[in-house]
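Comments concern the structure below.
Chains: A, B, C and D, in written order; residue numbering restarts at 1 for each.
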Amino acid sequence: MAIKDLKIVGQPVKLRDLDTHVTGETVYYEDIRVPRMLHLKMHRSIYPHAKILNIDTSEAKSSAGVVCVLTHEDLPGKKKYNGLAGVGVGPEDESVLAFEKVRWKGESVVAVIAETPKQAEAAAAKVKVDYEELPAVFDIMEALKDGAPVVTDHWPNNHYIFPDNHRAAQVRYGDVEKAFAEADHIVEDVYQTQPIEQAPLETNGCIAVPEGGDGRITVYSNTQGLQFSLDVTADILGVPTSKLRFIGGTVGGGFGGKVDLQPEPITTLAAMRTGRPVKFKYTREEEMRVSSSRSAWRVEIKDGVMNDGRIIARKITTYQDSGAYLRFSSYGGMKHCGHMPGPYTIPNVWIDSIVVFTNRTPSNAMRGFGVMAGSFALEVQMDKVAETIGMDPWELRLINAYREGDMKSHQKEVEDAGMVETILAAAKLAGKQLPEEFQKMSSLDRKAG
Amino acid sequence: MASRIVSLKVNGQNEEFIVGALTSLQDILRDTLNYTSVKEGCRQGGCGSCSVIIDGELRLSCLTPVQEVDGSEVTTLEGLNQSNSIAALQQQFIDKYAAQCGFCTPGMMVAIQALLDRNPNPSRDEITEGLAGNICRCTGYLPIIKAVEGVVAEMSGASGD
Amino acid sequence: MSKLRGTGFAAVNYPTGMHLGGDPTQSLVHATTSGNFVVTMSSVDLGQGLKTILAQIAAETLGVPLDTVIVDTGDTDTGPHCTGTFASRTTHRAGNAVIMAAAEARQAMLEVAAEKLEVSVEDLETDGQGNIHVKGVEEKAISVAETAGAAHFELGKTISGRGIFLKTPSPMDPETGESDPDSTQAHACTVAEVEVDTETGNVEVLGFKSAYEVGQQVNPALVKGQIVGGAWMGMGHALQETTAPYYPAIDHAPGDFQSYVMPGAADMPSVECEVLEIASRNGPFGAKGVGEMVTNSPIPAIVNAINNALGVRITRIPVTPEVVLRALDEKAANAT
Amino acid sequence: MAEYLQPGSLEEAAGMIASHGSSLAIVAGGTSAMRYSAPQAEHVMGVRGLGMNKIEHFSGGLSLGSGVTMSQIRESLPIPALQEAARGVGGPAVQNMATIGGNIFARQPYGDVAVVLLALDATVTFSTVNGEHTKKLEDFYASGAQADGLLTRIDCAAPGGELVYLKCGRRRFNSPTVIAVAACVGLDNGKVGNACIALGGAGKHPTRCAAAEKALIGEALGVASIRAAADQAAGACSPGTDSVASEWYRRRMIATYLTRALQQIAAG
């Protein structure tokens, strides 16, 4: 169907939930009313790296209102997360409740379920865990050095192992070293981002409700992926997927912060054990310190550039700070590889995208996963290239911007190109005067302009 | 533990509870009275999603001990929904796409109503200062500001845009 | 007090869909007895407006009024599979699934109407107002409601359709990285103007001027919503936001909205934008994903503007006032 | 689970404080206590009903009940510096709740209003089972900000000179405080006769900066004396590091903002 024939698509029709948003009648997961609901609070690790010597829950168990206390010993099935099982990524390096060791400050150790949130919180504070503190590592470059504290035995060198035993997700296209030798200029720099919180206004949470009879559990969740959360929860708890039903779909913001699958498995288990509805909602403090952040990235870029502005080689080494566990960092690392070297056609590209483990809160997806830090690094680098060779930064980008049919470094032809037009439109909006030949440039024709 | 009876008029309705321990007004409104427009974004006083009007004044229900508002009139968005004054603001929010996920919206509506009650003709600075206690992670605030400006323009007889 | 102004810009592209594919979404569409259509999904609306644009896509494909389309999503017992709302994928994946399901339902609807009107399906068209008529002969018509009623109560036929979209998985070659990772690419170019207080290091963003190329917009108002919200979030990322203020140290991690600093309503500058539409080959009606890209271009644009204002090269975010002052100190030290 | 106590009189409140000691948390506006002290306490005493929200004016000076809110300060006090400080505390809802008494006890970097009160050389009055006692706010902070009884009122004279308050934040409204500066300077024949410099975010509590004051008194308020005062303040302060700013940045901002405040006074 041609775009000009559209009647409803393309129209600024009203946002469907707005009528109830403005009256406060939109129903989010925690607005459902369930009788006899219990509340779960987590006892968390106070050290970034420590051996667990003993867990004593006796005082918590006898605390007022407590119905159930869960440790790693109570976990059925495999105990471990494998969020990317569906796409065949990653071994299971993270337990739902820690045992043997804690590897980041805030890691879940003991779940306490009580009649009221306050009772659960008070009892969780009474759990006693004896630790032997271990040396921790927070700096990605330190973590990769010989002799650095090992975060988890799954990754003896503190980095993820990609297929074929590779240290990095990688791109090898052309010959960067040869091109560097031919380049008029070499432009290098290192770019760094820090962990960032998704901060949806509604924190992560769920309510698991036993439906009686056949043992089904309905989980009201604010996950960003309902079946995804159902499958992972069933996998972890070793229950048939037919026993679970997930309800959600109307969520108070996500931004990548609700793909952790942290609340659902333990809450579902608590509901199975107690036979009663259980709610687990992250406090704002947990949302900020415990839920996955956007990871920190270190991006090293080396460009070989000609006097006429053509970038003929780009070598990128990226380190992604995954924190203590993998979660989806390998996916983000690969996506980073697929994104670099940005919207530019460069004939020689070399990329290593490395996932590093540290004793930090595990990181995960956020709006622009794997791409945001790359775009930041590339575009600040492009200004440095322009400055180095004495060229207008707009012209530099337009010269190098990919055109339809160009070959990308991951060996896929460019489709639906629009970078040139977008740059020209922004330049016009900002009043930037470009020479006529640049104004005539087009994504459809490299020779135009 | 000593307990006492607390009486409130919530959205025009007389309510009585027996409370002993420290209890926030938020817990009473959400969990006891089922006024679910009172959102729980942080319970720290930092997001504004639990804003209510107490005796004509904008306050945060999460940081208000219910014992301290004995005898007060409390209005949540459910209460404002019954008034005509909120309708224009609600229509402006719809027209300007001033909500996305909607989780901050009830608190925003209450805070804006309190602002307009105090100052029916706020400047842009007064609007943004009036919104300073309410966090929105989705919209970038501009549509919300436009919605408030739209209401102000309507009330002063000018066009909405 | 010394304030310096600078301008910077950045050009970015952004992939649509989960990296390397393999992320299906399904949709079921059926007519009710009175001619409404229910689109059943298990996709999640995070506030970006998924329910709205799926209704638009369904109505467009079916050729029926928007308000007769009901989107029922969010229950795994009833809604078929959706991988989830992330990776700028739902408009593309769910949108395509809805087109497929709605097209099948439309065909079933036209078959019933053809039987009732005693014409062939090929001769029929919808008017988008709730009627089906013979092409060029508007009087020879039957309403969608009547058609649905007849299907249920006279003919015993269903008016329904099934849809799925899957970009088949494309594994990445471990050596070369060769792969087909994305469905399409959207584009953005943002120009930011800043003012920097060289005594305090404080950066004020004075304005954004941006162009976005997003394929066919399904709902321009919602695209604009993403653009403005994304610009605000990008500004926060560029200047303030982090859970590790002293990275790589883990100390002083914020635990509330006072210590996790984000820009307020008063800090948000104007956002001027132009939206270009270069249709994608495989998106629903040519749409591309837009929700994530909008955060990305403002960040380097702001950093480039700061560097432009100060004549320094800051290469990290967030560019807090302290980062600015330390860069200025270093510049002064190098100058002597 | 904290027991909630509501005394009917100042005497009753003083008695509750005496009998419960450190197991008691006091809630006035709630904005600070409901987050930090009350949830952990065995007993919580609400003092909103005690009517300590009166503002009295006398011969240029002020007597403020400890329950006076930020909004009351913004709306009804004639001292712009105090209004500005109150305006910087939270958003509108917080300003309707937060009290001046709470501000005095707030953990740094909160407590902006107290910085202005310190520059006004205010006194604080406590009610105890043994009667009332009053001390200078400066001495209260110098001795570790320990409450002795119930803080009932804050008194201050009219500013003894030009009073300027400046806050360094991270966003325009409702910003966490990096540092705050209040300077009250009286000029006498072109020279500084009296100077009261108070800093927020410069230590554990709001602090008077005697070193900066000394650098000004007797000097013309000009480039040299302002620089000397700023250097003294930056050297004498002991700011902390938190999520909002580092010790390094705070120290630098103390010099920058004190310079700006004093320049503003010098410019008249």
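Details
FYI, a contact is a pair of C-beta atoms (placed from the backbone, for glycine too) under 8 Å apart; a residue touches a chain by one contact, two chains touch by 3 or more.
From a predicted model like this one, the values you see are computed outputs, not experimental measurements.
With respect to chain B, maximal separation of chain centres occurs for A (centres as means of Cα atoms). The interface with the greater count of contacting C-beta pairs, when A-C is set against A-B, is A-C. The geometric centre of chain A is 18 Å away from that of chain C, both derived from CA atoms. Centre-to-centre, using mean CA coordinates, chain A is 43 Å away from chain D. Taking the mean of the C-alpha atoms as each chain's centre, chain A and chain B sit 33 Å apart.
Here the CA centre of chain B is 29 Å from the CA centre of chain D. Counting only residues that touch two or more partner chains, chain C has 46-47, 49, 221-222, 230, 233, 245, 253-254, 256-258, 260, 262, 264-266.
Counting partner chains per residue, chain D has residues 1, 172-174 touching two or more of them. Among the residues of chain B, those touching two or more other chains are numbered 42, 44, 46-47, 97, 99-103, 128-129, 131-132, 135, 137-138. The part of chain C that touches chain D in the complex is made up of residues 1, 199-201, 240, 245-246, 251-254, 258-267, 321-322, 325. Touching chain A in their complex are the following residues of chain C: 7-15, 19-20, 22, 42-47, 49, 51-52, 55-57, 59-60, 66, 71, 73-77, 79, 81-87, 128, 169, 172, 174-182, 184-191, 209-213, 215-222, 230, 233, 237, 241-245, 247-250, 253-257, 260, 262, 272-274, 276-281, 284-286, 288, 291-293, 295-297, 299-301, 303-304, 307-308, 313, 315-318.
Interface residues of chain C facing chain B in the complex, by the touch rule stated above, are 46-49, 221-222, 224-225, 228-233, 256-258, 262, 264-266, 268, 270-271. Contact residues on chain A toward chain C in their complex (touch as defined above): 1, 3, 6-17, 48, 87, 105, 138-140, 162-164, 166, 169-173, 189-197, 199-200, 223-228, 230, 244-256, 258-259, 284-285, 288-289, 293, 296, 321, 331, 334-335, 337-339, 342-343, 351, 358-361, 365, 367-372, 375-380, 382-384, 393-394, 397, 401-402, 409-412, 414-419, 421-427, 429-430, 432, 443.
By the touch criterion given at the top, residues 1-6, 27, 29-31, 34-35, 38-39, 44, 46, 48-49, 71, 90-94, 96-97, 172-174 of chain D touch chain B in their complex.
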